[in-house]
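Have a look at the structure below, then the notes.
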Amino acid sequence: MTAQSLFYWSLVVTAAGLVLIGLWGVLTRKNILRIALAFTLADTGVNLILVWSGFLPNRSAPIVDASVTSMVDPLPQALVLTSIVIGVAVAALFVVVGVLASRKSGSADVRRMKELRW
Amino acid sequence: MIRTYVGLIIVLALGAIVVSSLSNYSVPLELGSTGHNYTQRGVDDTGSVNLVTAVVVAYRGLDTLGEVVVLFSASTAVVLILTLIPMGANPTPSSSIVSFTAGVLPGAIVLFGIYIISHGHLSPGGGFPGGAVVASAFLLIMLGSNTIPGQSRLLASIESLAGLTFGLLGFWGMMTLGQFLNNKVLPVGSPGKLLSAGIIPLISLVIGAKVASELSGVFASYRKAGGEK
Amino acid sequence: MVKALAIFLPLLGAFINAWLPGKSPKASRVVSYLMLTAGLIAVIMLSIQLGAWNLRDLSDSVILSTGVGSPPLSINLEITAGGTLAAIVMYAATIFSLHRFALTTPKSQPLILALLTASLGLLFATDIFNSFVFLEIGSIVTIGLTAACKCGSRWEAAIKAALVSGLVTILYLLAVAVLYRSTGMLTLAALGNVSGASAVIVAILLLTVIVTEIKAFPLTGWGLDFYQGTSSIVAGLYSATWSLAVLLWAAKVLPLLPIGNPIIYAWIGAAGLVFSQLAGLRASSSGRIMGYSTSAYASLLLVAAGTTTGAFYTQTVIVLMIFSSIAKFSLFMLGNPEKKDQWSGFGTLLFLVPILLLAGIPPLPIFWAKFAFLAHLASGFPVIFYAVLAGLLLEAVYLFRFWSARSEKTGEKSAKRPSAVAAVLLMLLASVWITRMSWGALDFSGSIIESAGLRNIFHGLFAIGTLLCLPGVFNRIGREKSYWFWLLISGAALTILPAAGNGLTFYLLWEISAFAAVIGVSKGTAASKGTFWYAVFASLSGYLLLGGILLSKGSFAMAGVPAVLITIAALVKMGQFGTHLWNVRTYPAAPGTLPAFLSGTSSKAAVLLLVAVAVNSSSASLPWGRVIAWIGALTALGGAILAALAPDYKKMLAHASVSQLGYILMGLGLASILGWTAAIYHTIHHLIFKMALFLGAAGVLYRTGTTEFNNLGGLVKKMPWTFAFTLISVISFASIPPLAGFGSKWLLYNGLIEQGWLPVLIVGMFASVVAFLYSFRLLHGVFLGQLSPKNAHAKEAPLPLLIPQALLAMAIMVLGFKPTILLNFLVPVLEKIGLSGLAPVIQGDMVLTTMGTWNAWMVGLMVMGLFGFAFVFYWISGHKPKYVGQLDIGFAGEMPPSADEVHYSNNFFRPYQRALSFLPKIHAQKIFSGVNKTFNMLGDGVRALFTGDGRTYLAHSLIFLLLLFVFLNGGM
Amino acid sequence: MGNIVSIVLTILGALSWGLLLGGISRTVTARIHGRMGPRVTQNFIDMWKLFKKTSSIHHGGMFWMAPMFRITGAICVLLMVPLVIGNSITYNMSFAGDIFLVIYIMFFGCLGMALGAGNSGHPYAVIAVSRGLAQMSSYELSFSIAVVAIAVGLKTFRIEGIVEAQQAGILSWNIFRFPFASAGALIAFLPMQMAYPFGIVLAPQEIPIGPPTEYSSRFLSFMFSGRALFGTAKLILFVSLLFGGASNWISLLVKTFLLYMYPVVVSSVFPRFRTEQSIRFLWFVPTSLALVDLIRVML
Amino acid sequence: MSLLAAASIGIGVMMLVAAVAALVVRKLISAIIIVAFVSLSASVLFLLMDAPDVAITEASIGAAISTVIFLWGRGKIGGEE
């Protein structure tokens, strides 16, 4: 395995690892804020994967310049820009709702938020 | 307890899928057709040197409009929820260091933010990070003051006006060129200049204003609802 | 320009509103309405331009291109014809719900407009990442609106929606990444280009996302909690805008997924439909019930995506999804039943129309789509067809229970919900519209039953039966609502029924008749239980009929499974063999003359159905005629015994009705001329006497306000005419010569003996003797014995009730004395349709079979002559007894203290009951409650999945994803 | 015209024969009990006495009309059965219907009686009716099975036909050809004649005299004559069904007399069943017997 | 092994460890800080992948603004699990 491919694959392994760890946290954590954090981790991982999907080693950033000959794909980066902003918007709302939900149920534990059931 | 293990099993199984699917890929050497087209035509089409901005604002402007709506909705929702629920506001008085910093820094930060916003088509940056930077300045100001911010008409007006402008720019493209949010309703100009790239700088500005005002609105209502402990 | 206006005007409104409301709520509302109305006009223009209103080719579209260049570089929105129809609904729903939001959370207006924008965007999106952006707007607004609404569990509902949306975000973006990595494109169309291992990954990710978002089973949990927790206004808006958009978006994406054979969707959908609707049986909160219904429609979407393609797919999906959304919208807009809203008759009706719509009752629009769709399933996917049929039936059950529980809360105040009224009006208009478009599929040539004679008999029966019920409809008591309209509709549909020329037409008229009657029943006081049972059993027989018709491709020439299904449908409609439960609950609850219609006229539709099946079969016989005859015989016996023991006038008549219908079955089961003559004769006879009896009961109820035997008695002096007509009917149905009833028994017994079915004959004879028990019980319980002081004020029944009875009594006389009038017409007709056996020979007034003779005219003359002679003798012999009241009796030398104490009524056939006690008490009630318990258990088993913990729902999605992976890799 | 005469004579004759048989039975019963008992003609005297009574009450229309129903029903049954086989003038109205018609027209009188009892307002009368109907529904089961077995076995429902099929000597009588069905029918005959152990309807100790509790004077005389007529009609019917009918008047009188004595004798030696016991007995014992022959016929 | 590969692997391992830590540490505030750190590390990775725009945005929005939001939420809910 060349250094280049090592670099290339390590990125996606990190990213996928983040997603999986995030999902694990989402499934197993009880504190509503902790779950929100887990989502953030997974989101970060997904964003990395997205950028990675348009990434080619040994190229330059997609800013056209006289000196630049080959670039990486700008599209995934554009998507990730959007995705990050959406992520923070969702997180802001999630936290507010989580805070209020835990106020109502008296704790931040999602297991106690089971009033709606059956 | 069971949940932890079930979660682990699920995640491990997902990991197996990831590994198995990654093994089908190899390091790419060429851009895909779309990416290739962007790099070839991007500057001609949009006049933006920063192709990411070209994609974000010009090619996929609709995504960005949607993204603005996402942020808009989230901030409106947060403000709405927090104003409906009185949460016993009790902002903690800020320390002198914070007060001092809050007095000095914001100006510089805002300037920096505006720079990022306005050069989005030339260098990395653009409306979103720039707007966030401006919002952080507002956050600092808010932390420095001991009063609870009132319902800011200014923020709402900026937010609303920026949104409207974005929408109307879209309709402008529709009317003149038959394509919603078409970049070329203003002249593309010469790439690399500040005033070039059609409506991209304008939209960047609009986005910056909107992001800044919305995040600030969120912070303000957080603050009203009790401040960051 | 119109295109852009149609989609983005709400967005501009949202942005303006972000600033306005604080300043001037009124101005902001004006802006919203302006934008929405303008947008709506734009959408309507687009829909007309695209020719969406003929529903033929809904895939026609115009492109709204955005940004610079063209896809895949930029993003297009594709405005399809079907989409414009959905967009109209979304706009309308938003406009109608705006004022409700303005009342509760005025500052939520930007969010509402943003939700509409997102819905429109998603509806028309052609780009996968663009869809994602709109999906996110939708989730955020939903969460925000929920969290800001005024209801108890809003936070919890919001947090669950947020959890799920978080997971969906992750899975979706992963799919985007994989898609882009393998195809270099982001258009939805590019999904088809993915191949190999990536295809599986994209498919499982997106399918999980879709199933979660549309809330199809098993990923329904969050949706249920969400619908239950959020406020009804939010839920209403949500289902008419966002939910609809997501469903149609899913419909757009599903066929594009690189999944090999899409039949897997159908399997997921069909299994999900059954399981989720089982769990739905256990739901009690209105929100949750709507959630289950949503899940049902999501599953239907999956089934459609898996089994249909092209224009048919689009058409089916558009109609099903749009109208289910409208129905849910109006149900939610009618408010939360937990808050005990007050409802009047109109309110209940408003509430019922959407339920009927969801249940797919004709001529409401969903019916047409469901019918065509199910027909398609029946032709190629039998197992899925059965599953869908079962699921839909379960759905109908809980929907109707929901409605009946709801209408129990009926109060006096009228509903003031313009939005709901508008939605219901819209549904009705749409019904007219779609019915008009589907008119060509209907056939009124009567080709189902070739014999015009038979058809005319049934036409006449239904028409006369309906007409005779009509005069009395205005003699209503207490809080009974006006039901004449529904009676008329039901009767009209019945009257046309014999003219049906194909399965669709037959089913359409059948269902219209049944459910118009359901609505009619609901107008009674405290009729909710009765209505529920009727609705459930009407649905059961309706779906069985539908199943039969569709499995035999719309033709009535059928054998095997379809024939069995249809036969069972008819049995259920007639209340045979255990299914009498609905008759016994519905007839007493139905108002005024409606029970007369239901029992006398409406039940004959089932006879018509059986006749139709039989005449189309090769030997003009029903499948398993012997079994049918046995069912008829046993029902006749059981019904008679139950009638004898019934404590209530109308209940007794209901049991008796079931029992008497059993004789018709015996005759039809025979498949001989004699049997059929008996069956048709008895059909006519039953219509006559049962209507007379129920009309009499209506009169008694009208004058006394009760039908319980314990509160009645002695009315003969107060209501002599009613008594006289009832007496004639009773003598007739007790088969005592010289009235009409004897004829049917005689013909039937001859038929049974001719075929050698002696055991059936014995049971039938026994049942006819037991009929004496209840016939006397009926006469005594109501008219004879002591007059209760409570009914001292009672008067003779009003003329509108009496005159039809008089006509019917005359008919009984005529039919009794001169049965040959009918037989001379009937026998030649029946001889032509290829039945076996010998026809009875008619010589003048004499009817002869190989073994027996019957001269009704001579018997009549003899009885009348003797009776008249005795009467005259009485008069001229100078016997002038003095009238004394009922209390002046030989009672241990005393006057009895009060009439109630000497009226023998309670537990009338006590010794008989004791004698029967050796029988195991197999009450149908118990069997049904056993069935009910089983279903509840199954439902509980299924819903144990939905633990209420948000994380469980996430785990469901992930496990679903893993299973899909395993399945697709194994299957590919 | 001859027909009308025959009908009138049949009615009068049957009435007298019925009253006479009633008188005889009272005597016989008394003798079995060790009493002298009334005169044989006592019933005629009672009838006349009641008929002449002028002071009388009624409780309403149905009460008033019930005796007419009763008599009409009884006469109808009587006229539907041919009296003397071969003598077609005595066939009366039997051409107008078959055995099914007879079975069902028997209920005409019962119903009238029940209506009158109901209208009287007396609880005992109604209790008696409820018992009577319950019991009737039980014995009719075995009776119908027996009739069906016989009719199917002889391939005719016409009573005339049934009688004609029994003319080939005593062994061709249905009681020998269909012994089980006949046994069932004969057991059913007991409750039909309100004989003990099935006499729960009249049950004097419990509910004075059952349905006619409130009847008096001329009404009662009509009731009695109705009962006498009905009883005779049933006797003739049973004779026709089971005992080969009558080829001459003597045999008719003898057969009916003997058949009449059968419940009288049984009645005097048995105590009364309770209602449910009676019903159950009738459901099981005679029904099973009759079923044997039915199955035989079917096979 | 080039510098790039070493950096990416090092940062990646660090991020994964930090991510697990964020989910298992007792104190919520530590978790929030750790997640902010992961975000910042991610923005470095974005830079390594030639995505400066994303890096800037991730740093300013993902790392900074999110952290503020979470801190506020922690303040409202009150710290410990």
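In order of appearance the chains are A, B, C, D and E, and numbering begins at 1 in each one.
Just so we're on the same page, contacts are C-beta pairs under 8 Å (C-beta built on N, C-alpha and C of every residue); 3 or more make two chains touch, one makes a residue touch a chain.
Predicted model only: the values in this text are computed from it and were never measured.
Touching chain B and chain C together: A.
Chains that touch both chain A and chain C are the following: B.
Distance between Cα centroids is largest for the pairing of chain A with D. Measuring from the average of all protein CA coordinates, the nearest chain centre is that of C.
At the far end from chain C, in terms of centres built from Cα atoms, lies E. In this assembly, the C-alpha centroid of chain A lies 16 Å from the C-alpha centroid of chain B. Centre-to-centre, using mean CA coordinates, chain C is 52 Å away from chain D. The centroid of the Cα atoms in chain A and the matching centroid in chain D are 97 Å apart.
Averaged C-alpha coordinates put the centre of chain D at 105 Å from the centre of chain E. Multi-chain contact residues of chain E, defined as those touching 2 or more other chains: 51-54, 57, 61, 65, 69, 72, 74, 76. Under the contact definition stated at the top, the residues of chain B that touch 2 or more other chains are 3, 6-7, 10, 14, 31-32, 34-35, 38, 50, 52, 59-60, 63, 66-67, 70, 73-74, 77-78, 81, 87, 124, 126, 128, 218. Working note: touching chain pairs come out as A-B, A-C, A-E, B-C, B-E, C-D.
The touching residues of chain B, when paired with chain C in their complex, are 3, 6-7, 10, 13-14, 17, 20-21, 24-25, 31-35, 37-38, 41, 45-46, 58-63, 65-67, 69-70, 72-74, 76-78, 80-81, 83-84, 151, 153, 156-157, 159-161, 163-164, 166-168, 170-171, 173-175, 178-184. Within the complex formed with chain A, the residues of chain E that make contact are 1-2, 4-5, 8-9, 11-13, 15-16, 19-20, 22-23, 28, 31-32, 35, 38-39, 42, 45-46, 48-54, 57-58, 61-62, 65-66, 69-70, 72-74, 76-78, 81. Of all residues in chain A, those touching chain C in their complex are 19, 22-23, 26-28, 32, 35, 39, 42-43, 46-47, 49-50, 52-54, 75-76, 79, 82-83, 86-87, 89-90, 93-94, 96-98, 100-101, 103-105, 110-111, 113-118.
Within the complex formed with chain A, the residues of chain C that make contact are 129, 133, 136, 139-140, 143-144, 147, 152-153, 155-160, 162-163, 165-167, 169-170, 173-174, 176-178, 180-181, 186, 224-225, 228-229, 282-283, 288, 943, 946-951, 954-955, 958. Chain C meets chain B in the complex at residues 1, 4-5, 8, 11-12, 14-20, 22-23, 64-69, 72-75, 77, 105, 107-108, 110-111, 114, 117-118, 121, 127, 129-130, 133-134, 136-137, 140-141, 143-145, 147-148, 178, 180-181, 183-186, 196-198, 200-201, 951, 955, 958-959, 961-962, 965.
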